[in-house]
Each structure stands twice: as structure tokens, then as C-alpha cells.
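To keep things simple, chains are lettered A, B, C and D as they appear, and every chain counts its residues starting from 1.
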């Protein structure tokens, strides 16, 4: 058995970063070896820097790891990024420019022309867009994004229908857990006994990402799927969309990166 | 000022019956003078028979009123009915047959051909169907129904659009409070931290009632509005759709019944 | 009937300030005529400056009132204060020093030796402490405080017991609504499906305030009630302790201030 | 390694029975081989008879097992009982009388003089009471009970304090999840936005069980711990007391039964 692929987590102390570490704890291919966060956390032990919010305990292998500065120096080749969008916009290109393979959960670069937005089960061919990225040409670095959480579930269901029947119109309504807003996120006074019929930018993301995901690769870009699309996104008083039970979908063999 | 119109409440001890009594407490036209419920409550004082669940106190004028048997003898001419559907199906015709004006919140007779289903702001002309009812012809009694609570809000919004543009398709998604399921209704284990994407018969009701409400009177029946309609109804962890704040919409003058 | 007493609200845009305005809307004695808040709100119309969070609408009489700067110039004699504790500590003495009667909901000065902490039904005699305040002596101004919300309910129940039997030990456990933490306050991720067994400083406040409230006036101070007292305060997933239904307890006649 | 001990579940289709099966799925010593429930379920496959409510899936090994009649014939020697109290009162003695070792979660027999109420970490010596049971003398059968869930946590904390200092008074307040009321249990209309300061019989159970658990074995009975005890039990809007994360406390070696 080959040794695991070392990976770094950008934004390791936030809730998404914590979820990355939770899911990597027993992962057969990847091993978290480098954690970066904001200046405030730098140099501290992870267990001290992060306010751990998940129900399972902090993985023992990372609890005492030192938090590194969020710069490409010393970072491993493969980076899983969990930064806030505003920071990601500057930081992710910097890591790609330094030669890193940046796989990101942030929305910052999803709609950039030569950045692939990928659901592995739906549009793995979009990965080829990487070859058009200037970072890639320069020194091998690149950025791949994954979609908005609500778009993923929707597109997994739409993809086979679209391929078989060519969808004309999509009207989607979501009811989303508060965990998606991060921490502290949604105020309890707003959500107890209530439904909030608005999540900032979520409807726009679902609409444009769905069309990019189901679009077709064309040279250095994606032609969006041509159907009409309308999304209404609502927040409900549910903590979490039950990710603990999500099956971890894996390819059979370890990828070479 | 004329004296108020005396009314009776059928199903007075249930949650809907309680709401009727709450809303009638200071009503300018109507006065609850007769309360009926199941055999179990018959003969008891209302405050003893009903397990009062609303936040405002039991109206003083009804607290000590005796619960009457649920038969037309001794009932006033005007009846507001708040019975479970299965019982309403038998009981409401019996009161109409005895000459009562039955205005009902139950779904039992809503889709019967010559029974008007009415939102006063939308289709007051459907009231004319009353004249086709056999009870009416016999001795003046009749049944008028109001729609499913979810249909009301939807149709109020659709009506002016339909009149101006002729709607082709309606896709409606609801998030509904647990109060709509009555008491005990939805189990807390089912709804805490959850959304339930199913309410028995609710989608069917919303679909067929919307089409009847926006339909056109044609002799002794209603031709349903011809648009396509699809409803998805969800239950959410919200107690109540805030009826306390609902404006009590009134005509300017008291009706003569 | 005499004209109403004009009052000012310090901290009028926050949740407590909003509640003051809601309760004053139809008040028989008091009329809100002056609203002050932070620099950010100054000069704006109240309806624009405040993010109104209560279920009843903004009282019409204050919606268009301009927000004044939070300084005693131009303020009426009677001030209801609803400031955050840290700001209240500086601001309330400033208004008292300028001759205002400051009745405050903040905890800042509650435990100050010559400041009365009062529940009208329990210890109205403590009001006499006002006469010891330097502001009062200087130009008539003074500060009166009301207790922590949890202490009020507890002490109303304890007072007659203490007078009759001399309490030896009090062990109190609370379950408190999230509204008490203000807005945004408690994060929904913290409270959904949970109970939080800690509210910062609340247990200390309940303990020391209970003993001051049930203490005895002695010259220029209060000798705390001598019983042992232990409080455990918990936050639960409840929006509000139902203040809408709280009876508004009034003296029969209007006070002269 | 020895083969596992075969066990039967009485009341296998209810929520407690489901929890037994979930916890036994990978248990090193025990294996569920026999499932019994009410007449309604008898003869059906378990997956069909039970409305499975836990988040983890039905253990594959029991999904297709036939539900047996709830009689001792054909039952294994060791029985874990998860019956409603009213039924347990009759059924558990019947199984003990037939020679079964009945370990029960029901409250029916907890306070019976010669029935041990046991927390293994607290009062394992109480097990000796078994020898006084008539069933045991007759043919080896016996009943052992475990305590009310709220009493367990409390007594684990009190036991070392009591042994070291002799407790004089206990005042306990609980906030309990709705899962403890079974299904459908607590109505959502009762618990959303609320705390229910009453759980039928729970306070009595906590009080008398705590005193029996910390009592001393004396011949054929237990002398209850002599401290004063007061419990206040509250229901809160929390689904579950997080049993998924409860460590499974085990002795090092498999018991011989």
C-alpha cells in the first residue's frame, strides 16, 4: 500500500475546515499534514486555535499540530481550501501561482471562466479546463472548485434527466439548515419559530452554478446549459443536513496528483 | 345599532373551535350563543370540557356555557363548523337539512358540486351555488365552505394575476406550521431538527381547491380554472402561522342572513 | 385628566428600547417624546434608525420621530434607559448629574451602594436611597434600577416567604429564553437541539440582586438578606418569555415626579 | 474466542427496543437472536413490523428476523426487556418464572423489595438480591432493573460524594429530551417555543430510585439512603440526549450468565 498523499487545509479553524479534518481523519488516500488559518491562530496548537464545534472529537493527529501562516511557503502540493469567500478571492490564486493544486469549497472563483466547477459524478470532463489556467502553464498550479451545497443535490438529480430529455425549465425551492451560514451565522431570535425566505446570494449561486455544471466544455470555457432556472432558498430551524451520515463516495483506486 | 347575530359553534372544543371563539369574542356582528361537541363533552361547562390551548384566555362569555349535543334541535340559525372531516361529512348535511346556514372550516364538502368554496375577496359570486342545494330548496338551509389554509394565501395572490394574464402553470411549495395538524398532531420527535416533506392529502387539496376557487360559475357547478397545478407541502418546526396578528377583514356593514 | 408625563428613551433602537416603546404606546401616564441612541442613528427618523424586531408594529407616534444625540441637553426630565451595561455605566450618571430622573433596565449601577434596586411590589421603601445620591443633592437628578429579569420572578415569590419565615437557603435554577441575550445574541447553531448551561454573569447577578432586593434599608445603604443563595442559569431554545401577555401592573393613580 | 451469548429482546419494535438492537449490533459479547413484540407484530419480519426511528440503519442481522410471540417458549435464557411499564409488570415476572434472566429498562419492578436496581459502576453488590427472588429459587430465573435515565447520571455523580461525605440533602433539576417520552410522545405544539415543567411520575422515580441506588443491602432488601431528596423534572425542545456518543462502558471480560 502506498503512503498517503499529504494535504494542507487553508482556513483550518473555521467550521468548513473542521469538517475537512473530520472527514480526512480515517481517509484512505489523504493525510492532513499542514494547517493554516488567520494571523490570530498562527503558531498556536490547533486544539487551542480552533473552537471545535463538531460532535466527534478533534482528530488526535491534528490536535497538537501547529497552525502555519497562510502562505505557500512550506505548504504541501495539495491544498483543500475552506476560506471565506472574500479572503479566498486573493489567497487561492496566490497558492495556485506558487504551484499548488487548490481544491476549494469557497464560492470565490467558481464562476471564473477557466476554473472548473465540478461534481465528480456529473461533469468530470470539466476538469480539463485546468489546462487553460495561466498558473498551470507557469508552474503546474491550479484551482478546482466544488459547488454550492444546495446546487450539488439538485444537479445530481437533474443531470441524468437533462442528458436524456434536455431540461427546459427548473424551478427549485430549498429548505436549508443553519450550519450552512457558518458560526455564529443565523441568530436564534431570527430562526426559532420561523422560516427565513432569504439567504444572501444563494439563489444567484444555485442558478448560475447549476447552469455551469450542466453546461458543455467549449475550448477555454463552459457554455452554460440553456434552460431557464429559478431558485428560492429558505433557511429553516434545522441544525445540520446530516452530513455525518453522508456516504463517502470514493473512486476505487487512489488518484495520482 | 342592531343586536348581534347569534351563532353556534359545531366542534367547539377542538383547536379550530377555540380559534372561532377567540375571534368572535369582540366581533361586531356575531355572538357565540351555542356550543356543541362530542358526546364526551355534552352537558359540561365549556371551560371544563375544552382543553384550552390558545395564549389568550377563554372568553368569559363562553367559559361557563353548557356544551349542547351536536344535533340541530335548539341550535341557532347560523352555524360555524369546526369538525374533523370524517364527522363533518355526516353532520354538516344534517344541520343544513334542518334549515341551518352552515359555514364550515372542514374539507369534507369543499369539492361537492353545488357547495360553494369561497374566499370573499376572490370569488364571492360562487355563493350563488347555494341556490342549487337541495337543502336550500327544501327549507332554506345551506353549506358554504372555506378553503384549505394554504390555498387561501396562494389564491389571494394568484387571483389578480389570473384575471389579467390567464395563468398557464402554477408550481407551489409550502412550509407549514404544526398547528395545522391539530392537537396532538405532529410528534415532536418527527419535527425537531427536521422538515417533513409530506402532509397527508394537503397537496391534493391545494391543487383541486385552487382550481375550483379560480374557476367560473356555470349553472349548478364550477368549471375549474384550466391551468396546470402542482403543489409540494412541507411541515416545519414552527408553532403557528401567526394568526393572532391576522387583520380581521370585514365588510363595512353587517350582513343580513 | 392631566396631560401625560413626557419621557425620553435612552438606547431607543435596541431590543429593550423597542420594548419600552411598545409598552408605552397606550400607557395612561407616560408619553415617549424623546428618543436617543448611538451616533450612528442620530438625526435619522426612528423607523429608519431602528431595526424593529417586535411582532406588533412600530407605534405610529414614534416612527417619524428624529433620534436625538445621547446627551442630556434637550432631554425630558424622566428618562427610561435601555443601554448596554458598558455604556450605561458612563451615560446614566451623566444624565442624573444633569438633573434627570433615570429609571434604568441596565445592570451597570444596580449594586452601587446608594442606588436603589427596586421591585415595586417588594421593596418600595428602598427608593429612599435616592436621597443619599450626590446627584440628587446637587440638582435633583437620580438613578433607580430594576433587577435582572430572572431575579424579578424569583424575588416576587420569595418575598412573602422571607418575611414570614426568614429564608435560610435559596437554590434557584432557571431556563431562560434567547431574547434575554439581545440581538443577534445566541447563535442558532448553539441552541437548536441544545440547552446551554451558562449565561455570562447571570448567576452572579441573580444571587447578589436577590439578596439586595430582600435586604433592609440601613442609612445610606442596604444590608443584604443573610440567606445562602445559589443560582444555576440555563439558556433554552425558546424565543421569548411571553412578555406580550404580562399584565401591566399599575398603581391606581398617576405618580407626580 | 468464545461464541457470543444469545439474547432476546422483549418489546423489540418500540424505540427502546430499537436502541437495544442498535447497541447490540457490534457488541463483543451479546447477539440478538430472538425478538418479541405485541400480537400486531407477531410473525412479521422485523423490518416490516418496526417503524425504525433511529438515524443508523436497521442492523442487517435483525431486519429479516421474524417477530416471535411474547411468551417464554422458545426464548433464549437472557432477555433484555423494553416494554411499557404497564405490560412489563405482568410480562417480566412470567419470563423470570420460566427461568429467564430478565434485564429490564422498564420501571415496573424497580422498587420491588427483592429486585435489584443497579448501576454497575455504583452498586454492583445489590445484584445479590437476586438470590432472594422466588423465581431464582424455583428454577434460576430472575429480574434485574436499570434506573430511570435521569437518575443514572445524577447517581453516578452523587455516589463518590455520598461515600466520602454522607449526603444530607439533594435538590435536582433536570432538562430532558423528548425522546424519553417515546413515540409519538410529546406533541410538537406543546414543546416548540416552550419548556414543560412536568413529566408524569418522573420526579417520584428520580427521588425513590436515587435513594434505593445509594442505599445499603440488608438481608432480603435495601435500606434507602437517608438523605432528603427533591427532584424537579422539565421537558425541553431537544430531540435526544446524544446517546450515539455515549461511551459503551464494558467490563474487560465477558460475563458468564
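Basically, a contact is a pair of C-beta atoms (placed from the backbone, for glycine too) under 8 Å apart; a residue touches a chain by one contact, two chains touch by 3 or more.
As the structure is a computational prediction, the values presented were derived from the model and not from experiment.
Here the C-alpha atoms of subunit A line up with those of subunit B after a rotation of 180°, rounded in steps of 5.
Taking shared numbers over all numbers used, the subunit A to subunit C interface scores over half, which places it in the same class.
In summary, the interface at B-D recurs among the listed pairs B-C, A-B or A-C; the equivalent pair, sharing over half of its contacts by residue number, is A-C.
With each centre defined as the average position of its C-alpha atoms, the distance from subunit C to subunit D rounds to 48 Å. With centres defined as mean CA coordinates, subunit D is found 44 Å away from subunit A.
For subunit B, residues touching at least two other chains, in rising order: 192-193, 237-239.
By the touch criterion stated above, subunit D contacts subunit A in their complex at residues 55-56, 192-193, 242, 245. Looking at the complex, you find that subunit D touches subunit C at residues 171, 173, 175, 193-195, 232, 234, 236-240.
Considering their complex, residues 53, 178-179, 183-193, 237-239 of subunit D touch subunit B.
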